[in-house]
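All chains are identified by letter, namely A, B and C, in their written order; residue positions are counted from 1 within each chain.
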Amino acid sequence: MSTPSALLIADLAGVAVFAASGASAAIVKRLDLFGVIFVGFVAALGGGIVRDVVIGAVPPLAFADWRYAITAAVASGATFWLHPQFSRLRWTVLLLDAAGLALITVTGTLKALNAGLPPVGACLAGMITGIGGGVGRDLLLGEIPVVLRREIYAVASLAGAVLVAVLVRFGIHDGLALVAPAVLIFGIRIIALLRSWSAPVPPEPA
Amino acid sequence: MSTPSALLIADLAGVAVFAASGASAAIVKRLDLFGVIFVGFVAALGGGIVRDVVIGAVPPLAFADWRYAITAAVASGATFWLHPQFSRLRWTVLLLDAAGLALITVTGTLKALNAGLPPVGACLAGMITGIGGGVGRDLLLGEIPVVLRREIYAVASLAGAVLVAVLVRFGIHDGLALVAPAVLIFGIRIIALLRSWSAPVPPEPA
Amino acid sequence: MSTPSALLIADLAGVAVFAASGASAAIVKRLDLFGVIFVGFVAALGGGIVRDVVIGAVPPLAFADWRYAITAAVASGATFWLHPQFSRLRWTVLLLDAAGLALITVTGTLKALNAGLPPVGACLAGMITGIGGGVGRDLLLGEIPVVLRREIYAVASLAGAVLVAVLVRFGIHDGLALVAPAVLIFGIRIIALLRSWSAPVPPEPA
């Protein structure tokens, strides 16, 4: 298999995982089939759409390549009918989600750097690619985004984005710039889950 | 009357109807006059703004042509002062809203196709033009968007967008590509209202 | 000090104030450190990001110039650790916020006019630059945006934006087009606070 098609398949796998997470959350809120698919679409593709708009790559990939939209719709629809089985797969879903976060952050940061964004902006754009879909999902469902409230999730994404920018700065453009940050994000995320790490919260009012 | 000015008037009529719907919802939430006009503006023009940003047509029409913003503001302001009369007009409003959805979806899809989006992306962009304003309205008012919860609304819009894309694919660019999908959307929407059709919801947890 | 660097420092001061306001609101909602910084970032830079996307100036300044993102992050982080002191500074914060609104609206409107937007669109874009961050902050925190509910805030911003457009229309491009509208916004805002002015709300249902 050529590298581009391997990357595409990995990318679509990330889209499917994020769509399933969005669809699951929408099912809990008792949305109808259309709502479940729409929230799945936003969860899977919303972060990338924001990144593409911000870097001027319009139309965004979600609109320019039908495989992304169809993958998100099929994964969301499948979740609609199969979701009772999913609760037995909690750790599988969390592992896939961590892998999706790793992949989508790294490719998002590289895409922003290639579009000419300076390092700080590219790291922000990469992190937004990773967490933006989840923020959109929670807003549509009337929740304060979970990524802002607890768990090490966005910080893992940001750490990986910074590592991408540093490696590229030192002229490392090959597979290492892709793999090392992805492993870092995946590792932080999994250890945070295993140890229930959280970011600090404000002190209780006296 | 020339076709472009007929289209413009129809377009502005759709904007006015959507603005009135947004303003009505904001009044129910007891927003102030500015809030009512702002929500009316988002309900009327939000979908088109997102479409224009996604297809790279900046500045969006809502910013480039003052008639759109002024129409939305006047319709919202009028609703603020006249709304007690509106409750007697429920079916008039629903009919106008269905007509607005039909028109805005069809012109949105055509605009996306003309901007070079592939069919799947153009259908998505057309549907977002139709339903995006309502999603924005509900988010500003702290509600889970109604279009995701019940009723055949987005699906009518999507069906019309797909018909536009199919007709254009077969080389039909004249009035038929405009009228047939608009009739389809309007028809599905009205029948769904008359028969209280809804999209399926997830099964109750056991 | 040259005019550009004076403008930059004033701009960054506005960013810091808006970030502190966003961070304070996030602390009240008990978000974690990352959430506090993220909401501060959106409150400070969200309006400008929307404006830049709408006028086609991508990547937006918040991504293209690292000083904006870093200022927002540092101000939000400082608020996280120092916020108990802030409650004693209520009037200082309100004065700084009014100054931030004045400055950001005026520079936002000028930037939109320079990008070729017609006057009505440029006034809208300028107002969105001023109030957009606060709208984003409140949506992320699950609130109906305060700017839509009470107080003369958006209207002050809009009045200043209109004055900018009028002055530029009459060929006045020098410091006056910057200072007079800023003073107008700041003045309306402070008088509204002192007199507890509000925009009209809909009549109570009978």
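Here is the rule we go by: contacts are C-beta pairs under 8 Å (C-beta built on N, C-alpha and C of every residue); 3 or more make two chains touch, one makes a residue touch a chain.
Just so it is clear, the model here is predicted, and its values are computed rather than measured.
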Category of the chain touch graph - line, ring, star, complete, other: complete
Self-contact between copies subunit A and subunit C, residue sets same or different by half: different
Rounded Å distance, subunit A centre to subunit C centre (Cα mean): 29
Sites on subunit C at which at least two other chains make contact: 53, 139, 142
Contact footprint of subunit C on subunit B as seen in their complex: 26-27, 29-36, 38-39, 49, 53, 58-60, 62-66, 69-70, 80, 83-84, 139-142
Complex contacts: residues of subunit B adjacent to subunit A: 53-56, 112, 115-122, 124-125, 135, 139, 142-145, 147-150, 154-155, 198-202, 206
